[in-house]
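Each of the next two complexes has chain A plus one other chain: chain B in the first, chain C in the second.
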Partner chain A sequence: MEVTLKIHRYNPETEQGGLETYTVQAEETATLLDVLDVVKDEVDGSLSYRKSCRMAVCGSCGMRMNGAAVLACKTPMKPLVDRGEVPVISPMGNLPVIKDLVVDMGPFWEKFRAIKPYLDEGSGDAPVKEWRIQQEQLDQIMKEALCIQCGCCVSECNSMEADPDFLGPAALAKAARFVYDVRDRGGKGRLERYNGYHGVWDCTRCYFCNERCPKGVDPRDAIAKVGARIYQEGMRSDKGARHAKVFVDSSHKTGYLLETNLVPETVGALAAIKEIPFAMKMVRAGKVPNPLKPHKAGKLDEVRRLNTLIGDQEKQALEAVHRGPAWPAEDAPRPAEDDE
Partner chain B sequence: MVRHDVVVVGAGMAGMRAAIEAARYGADVGVVSKLHPTRSHSGAAEGGINAALGNAGEDSPDKHAFFTVKGSDYLGDQDAIQVMCEEGPGDIYELEHMGAVFSRTEDGRIAQRPFGAGGAPRTCYAADITGHVLLHVLYEQLVKSGVTVYEEWFALDLVVDGERCVGLTAWDLVRGGVQGVEARAVILATGGLGRIYRGTTNAYACTGDGMSMAWRAGVPLKDMEFMQFHPTTLKANGVLITEGCRGEGGYLRNGQGERFMFTYAPNAGELASRDVVSRAEQTEIDEGRGVDGCVLLDLTHLGAKRINERLHGSRELSLDYAGVDPIDEPIPVRPGAHYHMGGVDTDMWCRTAMPGLYAAGEAACVSVHGANRLGGNSLLETVVFGRRSGAAAAQEVRENGLGGVFPPAAVRVTERRIKSMLDLERGERPAALRQELADTMYDNVGIFRSAEKLELAKQRVGEMRERYARGLTIQDKGRTFNSDLIQAIELGSMLEMADCLVTGAIARTESRGAHSRLDFPERDDENWLRHTLTYYDNGDVGLDYKPVTITEHEPAVRSY
Partner chain C sequence: MKSSYAYYPGCLASLSQKELDASTRAIAGKLGFELVDIPGFTCCGAGDIHEARPEYYLHLNARILGQAEQLGQDTLMTICNVCTLNLRQADKRLKADADLLARVNDNLREVGAATYSGGVEVRHLLWEIAEGDGFEKLKQIAEKPLVGVKIAPFYGCQILRPSKLLGFEDPDRPQSLERIIEACGAEPVDYPSKIKCCGFPIILAREEVALGELIQPLTEAKEAGADAMVTPCPLCHLSLDAWQGKAARESDMELGMPIFHLAQLVGAAAGLTYDELQFKRHLVKPYPATDKIYADA
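Entry: the complex of A and B
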């Protein structure tokens, strides 16, 4: 089949670059990576991108197609060709570009190292043989264990765009993998690393990481798991934790978010005084509800039922059997019949 | 110029395990790798890692050793095999203590399943992403150890002072430029060479660089003619579908729906050794009982639950690269070049013929796989001999002190070689030559071999080496991330290693393990129960031989 791509080129030595269009012949089964190979082999050998396994396990070939992060080797081209699309291929976001589609993964691995990315074996009380662990206990970290560190989630992370120091979805998913490993002795010390500035509470919950992860790791869910453990351990003084609690309490009590309580309850009453000029501006802009008016949602019961439902779902998610990636939607509703 | 006591080249499982061990011994360790460590091809291993833990039935290291010897068609060195099988369980427990998420039995121990020709359920696994899980666990430990990693540095040439290896030169892929890497001991852990074959399961990175570096420096390679073809790979791009599928009870069927394996291996059926199963499949296909160049791997009777729990990775690969959901229909599969039993000749402590140079993993040949490797033994080899190489290198450094002197001219010599490659304006493009090599090897040095085809391959590889020597056109003239240059250098290694493989295969006039000669269909212990050594002979491939170590198991008829 004939495939046309537009590729973002950039040569750091000449500082030249821009969109180039390439049309090549490829097999019907070709992935984006196969097509890039044809471009490199037959049209322009100076095109640079990373690749190795071509089977979605090494994590080398993360890049963007039409603005969304993909693994090139896991992206079949035929559907696009059939639709007559000419996709734009560009390097991943949130990471500095080295050349063409190659980004500097340095900042990515710096975050990885920052979360203490290895099992804390404690004082060395390991048994002679293996630890006795139930499969169900391991299942809690099997989704995170699928992560191939390709960087697709980091590429799409909204929070990182605003705060490049945010630990980010990949590193925090790795963190969850240790927090929920029954063998880990890291305890609160480990959790401290993920609490506070640039930690779990800085996630904006946009869910782009879940959306774009090519392996079904669901990094946002992992971040929620780490947050839950931090909360369970009583580490609730962090502004992020308090902020989250205001949302939950307020919606439970009133069915609404009480913006007037949000700031004082998050940062404390004294610190909130500093925010009065900002609050006045909000009042003038009509952004603050009348604090004297009764402030409750009409169907509070329904809101509370929703709250309970979400709470239960999250508990289930924590205990759930995570054995594999989520399948594409059209493939999903498959009864898990036990026909052995 | 950088300096370390021990420099490990390659950061897959063998390389990282070596680095971690050498650091434990107090050595200052550096790792040079053309890929970031977690991009290494060990991560693509799926099915598992063998060790006689006895968690799923009675087992022992001796039993493991016997079936490995038999699987090797008696070409494996029995002392080395014994060491691997005895030390294996300890290495598995260590990986588990590091955090590896091995799948579990009901009572919480490491689960084990049967693999081909193993004789017992001995393969420990983490669902069917075992290599991925272990590669990442070792990377975690590498980060913990504080070892310096030179990521995306492409190793070019070994540097030798007198007879001693004193380091290497490497191309810094991101910044461009040749770097000198001085070392008191060098460990090659650069993996295999599957990319010399069309339709291989191997990653693009598996181009035999380390073996080629050693060979060019005069270090003999061993048993290069033995290339394993994996029975279950996807038609379109050779992606591996794990032997674990058969270990979990999957069937192989031909186009008529028959489970044909019992014709070839009456007892073991689908779980015969890989050489036997691949030959059977190829025979079915050649005799017209295939389906579009494939046979069928049938998992449908296992049920959705079991497939999703234990083989979800295979299901994902099958959906992505064959458009087939194994829950509903069989996967079309064919044999594909998968694992190279040969490599740099080493002893049980991974020492090569060159002082100061070690090798481990697929780049090495100890030999524990002989003429045919058992599934699940390669990951085991990486951790057992990775560890041993790290320990041996660190101890040698401690005892021997300085070793030799890194000649300053070495970097300039390599620089000139690279510059002359970049400067050339006229010549072939590497891609066409690479494809021609892969086709030549697949068509003529495949599962079934003969003098006629092997001679043809030798002649063609020779011609291709000449064309390569005349020079290729590298279109990328820049220094920053010049993958065009790297691919051209890799092609040089591939051509040299293909020549070694073909030369060894022509000489070996018998059939043993994965080396199956139509013109010499029998195993010939009288003349060929010996290792092939291929060495650099003024650019050509020289041949020599050395005896196989036999301790307990006298060669016997091998049937499954």
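Entry: the complex of A and C
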């Protein structure tokens, strides 16, 4: 089949670049990566892009097609050719461009290092023999463990566009993989790394990361899992956690969100004073419900009992996490080989 | 389109964004479907309870779905993106896992709340009027076409992504709002950030990051010549409308971009008045756009 692409070229030596159009012949089964290979072999050997495994495992060939990050090796071209589309191929977003489709992954790896991407064994009692974990324990981190670090989730992260230092979906999904690993003893110290500015509460929930991830990691859901652990450990130093607490508390008090409590309880009373002119505009437009007569849901007692009941269950679950499974003792029998 | 829906306005349309609730009720009459109120509904938990206490979030949403079921309704209508994602995500998990549904129902029973058997589908107003007989009905009621009015669609995130939970249309090239804008006789304006985030979820905890996100669609819509923007989400509306002044000041710009709720756009084309659609409850004055719409009034 005949494939036409527009490729975003950039030459760092001349600092020149722009869209170039290429038309080549490719097999009907060709992926975007196959087509790029044909362009490089037959038309312009100076075209630069990363590749290695060609089977969606190594995570090298992340790039944008029509503005959306994809793995080139996992993107079949026939459907686009059939639609008569001429896709625009460009480098991933939120990372500096080195040449053509090659981005500098340096800032990406820096954020990985910052989240401490290895098991913290705590102090003293390191295990003395192999520790096999149970399937249901692995299931808690299975999705996050599928990450191939390709950067597709980072490419369109809306919060990172506004705050380049945001740890971002890839690093925070890796954080969840360790927070929920039963062997990890990092505790609150580990969580503190993700709790501050540029951490989990920077996430704006745009869900681009879930949409783009080629491996089904669902990084936004992973960020929420880290946020849940921080919240349930009672850590309230960040405005993000205090914001969440207003929602929880107001669901108990009225069944609805108590909008008037959001600003003072999130940013603090002093900072809230600065917001008074803004609040007055909201009052004049009729946007501020009367705080003295809050709108209350019917059957509120049901919700209060529900909050208490589920809250107790959450506490018990967290206590079980704190107790943790014991390290296997030196004389412990080797676990049964269940599938060999 | 159904003849009746269990109606879930959520918190914002019940509190600060009452104009959205009023406009939705007003267009329901025109479109010919009944909105059945859910007695004793609560907040869906927003992104916040969903994140901080996922188990509580799941139970709150199961209870709402169960309440809709008790009304004898098989479809629940939302008018907020966040409510839509929250309810659909909970619904999908409960329908996919019988053990989970049983455990959640045990808890709901213990507190005396409605239980859920999995018989409700959650649909946003947008989806009901963007295709099929709902769209045909929309074209019929748009008897006062908004000729010459340029409207920039702003989708918001959680009606497009994650598409495996929402899935109404291509999340990268949605067209539902454009179709509705055209059916209302107005002209849709295209711009790159129409599918991006308004920043609302972090507008208090990370104001500067949120305003950095918010300014993009506002400036792009302005540059594209829009008279107003329209959104299907009251959180996006609050961000685009109430925080617009701050975002403009931070970026040293003049914006004055009126923001319409989806139901207000439809209502205006259906001949409902400025007062019926409660445009006066916006922070950014809607006049330049509404003057065009109500020129003959």
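The working rule: the second predicted complex is superposed on the first by the 257 of 340 C-alpha atoms of A that agree within 3 Å, B and C clash if a C-alpha of one lies under 4 Å from a C-alpha of the other, contacts with A are read in each partner's own complex, and residues count from 1 in each chain.
The rule is short, and it goes like this: a contact is a pair of C-beta atoms (placed from the backbone, for glycine too) under 8 Å apart; a residue touches a chain by one contact, two chains touch by 3 or more.
Keep in mind that what you see is a predicted model, and the values were worked out from it rather than measured.
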Problem set entry | First, second, both or neither for A:T21, with chain B first and chain C second | neither
For this session: Using the superposition on chain A described above, determine whether A:F208 touches chain B (first), chain C (second), both, or neither.
Result: second
For this session: State whether A:A126 touches chain B only (first), chain C only (second), both chains, or neither.
Result: first
Exercise. So, A:N158: does it touch chain B (first), chain C (second), both, or neither?
Worked result: second
Exercise. For the complex, which residues does chain C have touching chain A?
Worked result: 11-12, 14-18, 39-43, 45-56, 59-60, 63, 107-108, 110-113, 157-158, 161-163, 171-172, 192, 196-197, 199, 201-202, 204-206, 208-213, 242, 245-246, 280-283
Problem set entry | Sites on chain B touched by chain A in the complex | 35-36, 38-41, 43-44, 53, 92-93, 96-99, 101-104, 107-110, 126-127, 129, 132-133, 136, 140-141, 143-144, 174, 203-205, 236-237, 239-240, 302-306, 308-309, 312-313, 315-317, 319-321, 325, 327, 429, 431-432, 473-484
Exercise. Along chain A, where are the residues that touch chain B in the complex?
Worked result: 11-13, 27, 29, 34, 40-42, 44-46, 48-60, 74, 76, 98-100, 102, 104-105, 109, 112-113, 117-119, 121, 126, 128-135, 138, 141-142, 145-149, 178, 181, 183-184, 323-325, 327, 331, 334-340
For this session: Would you tell me which residues of chain A are touching chain C in their complex?
Result: 66-68, 158-159, 161-163, 166, 201-208, 210-211, 218, 220, 224-225, 227-228, 231-232, 238-248, 250-251, 255-257, 259, 262-263, 266-267, 278, 281-282, 285-289, 295, 297-303, 305-307, 309-311, 313-314
